[in-house]
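In structure tokens below, several structures.
Shared between the two complexes below is subunit A, which has subunit B as its partner in the first and subunit C in the second.
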Partner chain A sequence: MTRFFAWGTFLLGCVFFALPLIGMTEFSLKMRRGEYSFDAYRRVFEDQRFWDTFSYSLILAAATIVVGVLLVVPTAYWVRLKLPQARPVIEFITLLPLVIPAIVIVFGYIRLYNTSSFLPLTGSALGTDILLTMGYTTLALPYMYRSVDTGLRTIDVATLTEAAQSLGAGWVTILARIILPNVMVAVLSGAFLTLAIVLGEFTMAALLNRPAFGPFMQLLGANRAYEPPALAVIAFAITWGCMGLMQLVTRFSKHERAKA
Partner chain B sequence: MSFLTMTNLEKLFGQNRVVKDFSLSVEKGEFISLLGPSGCGKTTVLRMVAGFESPTAGGITIDGKDVTGLKANSRNIGMMFQAYALFPNMTVADNVAFGLKVKGAPRAERDARVAEMLALIGLEDLGARFPFQLSGGQQQRVALARALAPRPSVLLLDEPLSALDAKVRVSLRNQIRQIQQDLGITTIFVTHDQEEAMSISDRIVVMNGGVADQVGAPFEIYNRPRTKFVANFVGTLNTFEVEVTDPTTGRVTLAGQGLSLPNAPLAAHVGEKLSVALRPEALRLGRLPDAEALLTAKVTDVNFMGSVIRLKADLAGAAVSLDTFNRPDTPPPVVGSEVEVSLSGRDFILLQA
Partner chain C sequence: MPKQPGGQRLRLPLEWLGILPFLIFAMLFLIMPTMKIVIGAFQTADGSFTLQNLIDLNTDSIRSAYWTSLKLSFVTALLGCAIGFAMAAAVVFGGIPKGVRNPLVTFSGVASNFAGVPLAFAFIATLGPVGLVTVWLRTEFGINLRAMGFNLLSFWGLVITYLFFQIPLMILIIIPALDGLKREWREAAAVLGATGAQYWRMVALPILFPSLLGTFALLFANAFGAVATAFALTGPQLNIVPIKLFAQIRGDVLGNPNLGYALAFGMIVITALANFLYIWLRVRSERWLK
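For the complex of A and B:
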């Protein structure tokens, strides 16, 4: 009986998650009257704005990941190694982006970095891109920090650091050659989550007036019927692809298998 | 001048003085063990030598050079840790080569040195393996090779055998000692295992409460412990109270039997009680012609340990341990039986506070 309820709950969960996706996918295939087709997908891929915004967002995602890794890995490492008492404070700070709406952050940015401020980043496209990258880094901070911190928990940070130091290594060598490779899977999962966040983010990009993928999806959704679900399916495929890549990286990483 | 000197080292963690006025001189090629219970400060001393902790006071010199303020990565020290600390993302060969790579050694030199080190520890075929593919003993041998590869001036061993099983422990400690002697490298070994310290050290530093209670060769530490703590910590000890009958000749009595103590304090007066100790092997089973006294003991427990049999017995009002060699033709006494025990005053250890 217990087994029956367990399976029942599991199936109910599957239906709850799968049904909207199936419905959406089916609708995205119904552009041609009376038959299934990939017309909506073709229309999306034929739209130059799709490629422009998608590649723009990809570049910014890459920049966000680099900034995030450079910011989070040394911070999480240092907190774990030297400042364990500061961990609750750091965790609280990294959680702030979840409770402070993106619109508040972006208005703060615009107010601080407008053309008449001491650092007029919004005055140029590159400056605004830098600002957007910082904003994305802030949004991805809770996920990146937790991923890296979980990764660091699986290794003996203090002893590995001391072992490397005794062999003559400095901080940069230790971080680049010992710590980072050992938390690479965690960093990658943080990176993929960052990618997913950046690709779907609307508020910051729209208010900073940058040609990102999020505003394009919104624009398409407001004006077309079949293309938006097709775009959503594409976005899902990218996210799942990222998750698959995470699994692959874990599977092919020999020393990570040892930790499992 | 000694190769490695620690002068008046002190270390405070908050208000807690973990190491107090610790001084030690180590000669080149010497194997020194820091022995003591948990919290005695032995690891802190080692970490100060390694550069992982900076002393609150005092100084450290290596080969005449003051290294007290030097960073850990500039001291040219090799270290082995209890938790192996091999880099999980690198193969065995890469682990061993790491220190040389950091120093910027050319590829050919690195490869030759890695091969030499792997041959030294007898793992020349396992260079391509990852640490997780090795046993604990193999990992620790790789850690030793890695520590030795950059030719450090001092080798520091922080309880490297504690995580291994008994058999591997013994073989690895012998291997460590052999390699240390072959290379002539100055080594400091931290352990709380007295047997380990006794078996491989040139000298032992017995630490208690942040100070060195006694420094000496294993034979000296075991047979002539200077304090009650050293006597109790190193080996098993039976303590008795004897009564002084003649301070000038060192004559005392134990359970009515007269004994001569070679190091009895001349200042003692007649009738004074002295605290003395005897190692289990100094209490000998049976009537021996060269013994000064013969007492009867009641056996309370028998532990057969293979080559040695340890008896627990009531002797002269004290519960004592008594060691005797196993003889296949003589079964050990049974619990509850009375046995004769021979002892001599020359074996007694006079204990200071």
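For the complex of A and C:
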């Protein structure tokens, strides 16, 4: 009886999750009347704006990952090594982006960094890109920090640092050549999650008026019929790819460790 | 200088320099922007202190936006918790082969991140006026969803769409909690003569209660702050708080910038309450699930 209910619940859930995926795939193939075709995908790929916005978002994602790593790895390392008493403060700050909605944060940016402020970032395209990168870094902060901090837990930070120091390494060398390689798996899994978040992000890019992939998808959705589900299929594939890569690096590292 | 007695104490704060870049970043891009909103909510246009903005929130349109948002977040969090819990329990205890568990967790990771614009497209293609399920029900069974009062671009349409990321989030969080229920507890209850239902009601659920309620709070905040899905689904006309704020930031539709601050401040207060409930309850529940 329990088993019957369990299977029933599970299968109903599967139907709920499968239907929209089937729906968007089927709809995206229906552009040509009376037969299935990849016309919608061809249209999307032929659209220059698709490539422009997509590469823009990719570059921004890369910048976000670099800023995130430079910010999170040294901080998490330092907190573990020298400042365990700062841990509650840092953890609280890294959780804040889950508490404050993205739309409120970007609202603050627009009002704080406008052209008449002390740091007029929204005045130029480059400045706005920097601001958007910082916004994305903020959004990714909770995931990045937790991932790296968990990675640091598995290595003996103090011993590694002392060993490196007695061989004459400075702080930069220690971070770049000892700590970073050791938490690479954590960094990568945080990076892929960041990539997934940035590529699909809509609110911040739209309100800062930057030509990112999210606003492009929204614009296309408001004006076309068959291209949006094709975009949804592409976006789903990208998300799945990012999560798959995340699992892959984690599994890869387990094998490494098992061998050692 | 190091010879003076305070020298030892003077050295200590230097270690804080190591996290200075992080603190500066957090200050510039997280705390100051938020403070700007919070302070702005209590200021008039010329900068003096006032409570008028918060009082002005009490108009029909804004009140109903908050009410719809609260209802939407509450209903999707409740259904997300219930359905996610049922699915997680089915996989962990229901005798479903172990092989489906990992794919389910992986899929949940993907689906909980598949929010926003593409998710709206997927649901339009499925339950929209010419969507797969809508057309299928009409041609095969003669059921006209539209005539029955269902509209994807409405409250319940939004609920169904939000569930697509709420349920997986619940599954991701609750599976480890269910794994933490020790087999011994169930056996001990059985030895003392408890039925399965009694075990759940008197042992398992009280232990899981903080996690359940905590996850509920997280899902609530998750739905409350979401903009992109609703915006791509219904455009700017749906009257929920994040969309209203979006329109306000774009074009000052409320005609008063400081009222915009107050609107955003209200959002912070609500998501903050929900999240602190989550964090507090998670700390409580971790006591049992070690």
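Operating definition for what follows: the second predicted complex is superposed on the first by the 223 of 260 C-alpha atoms of A that agree within 3 Å, B and C clash if a C-alpha of one lies under 4 Å from a C-alpha of the other, contacts with A are read in each partner's own complex, and residues count from 1 in each chain.
One rule holds for everything that comes next: a residue touches a chain if its C-beta (ideal position, glycine included) is under 8 Å from a C-beta of that chain, and two chains touch if they have at least 3 such contacts.
A quick note: this is a predicted structure, and the numbers were derived from the prediction, not measured.
Contact with subunit B, but none with subunit C, is seen for A:173 once the two complexes are overlaid on the shared chain. When the shared chain is aligned, subunit C comes close enough to touch A:13, but subunit B does not. When the shared chain is aligned, no partner comes close enough to touch A:68: not subunit B, not subunit C.
In the superposition on chain A, contact of A:142 is made with neither subunit B nor subunit C. Once the two structures are superposed, subunit B and subunit C can be ranked by residues of subunit A touched, with C on top. When the two complexes are overlaid on their common chain A, residue A:155 makes contact with subunit B while staying clear of subunit C.
When both complexes are overlaid on chain A, the residue A:190 reaches neither subunit B nor subunit C. Residues of subunit A that lie in the contact sets of both subunit B and subunit C are absent, per the superposition on chain A.
By the touch rule above, subunit A contacts subunit B in their complex via residues 155-156, 159-160, 162-170, 173, 177-178, 181-182, 184, 254-255, 257-259. Listed in rising order, the residues of subunit B touching subunit A in the complex are 50-52, 71-74, 76-79, 81, 83, 85-89, 98-99, 102-103, 130-133, 143, 146-147, 150, 156.
Interface residues of subunit C, counted against subunit A in their complex, comprise 15-16, 18-19, 21-22, 25-26, 28-37, 40, 83, 86-87, 89-91, 93-96, 100, 106-107, 109-111, 113-127, 131-133, 163-164, 167-168, 196, 218, 221, 224-225, 227-228, 231-232, 235, 242, 245-246, 249-250, 260, 264, 267-268, 271-272, 275-276, 279.
Across the complex, subunit C is touched by residues 2-3, 5-7, 9-10, 13, 16-17, 19-24, 26-28, 71-72, 74-75, 78-79, 82-83, 86, 90, 93, 95-112, 119, 134-135, 137-138, 193, 196-197, 200-203, 206-207, 214, 217-218, 221-222, 228-229, 231-232, 235-236, 239-240, 242-244, 246-247 of subunit A.
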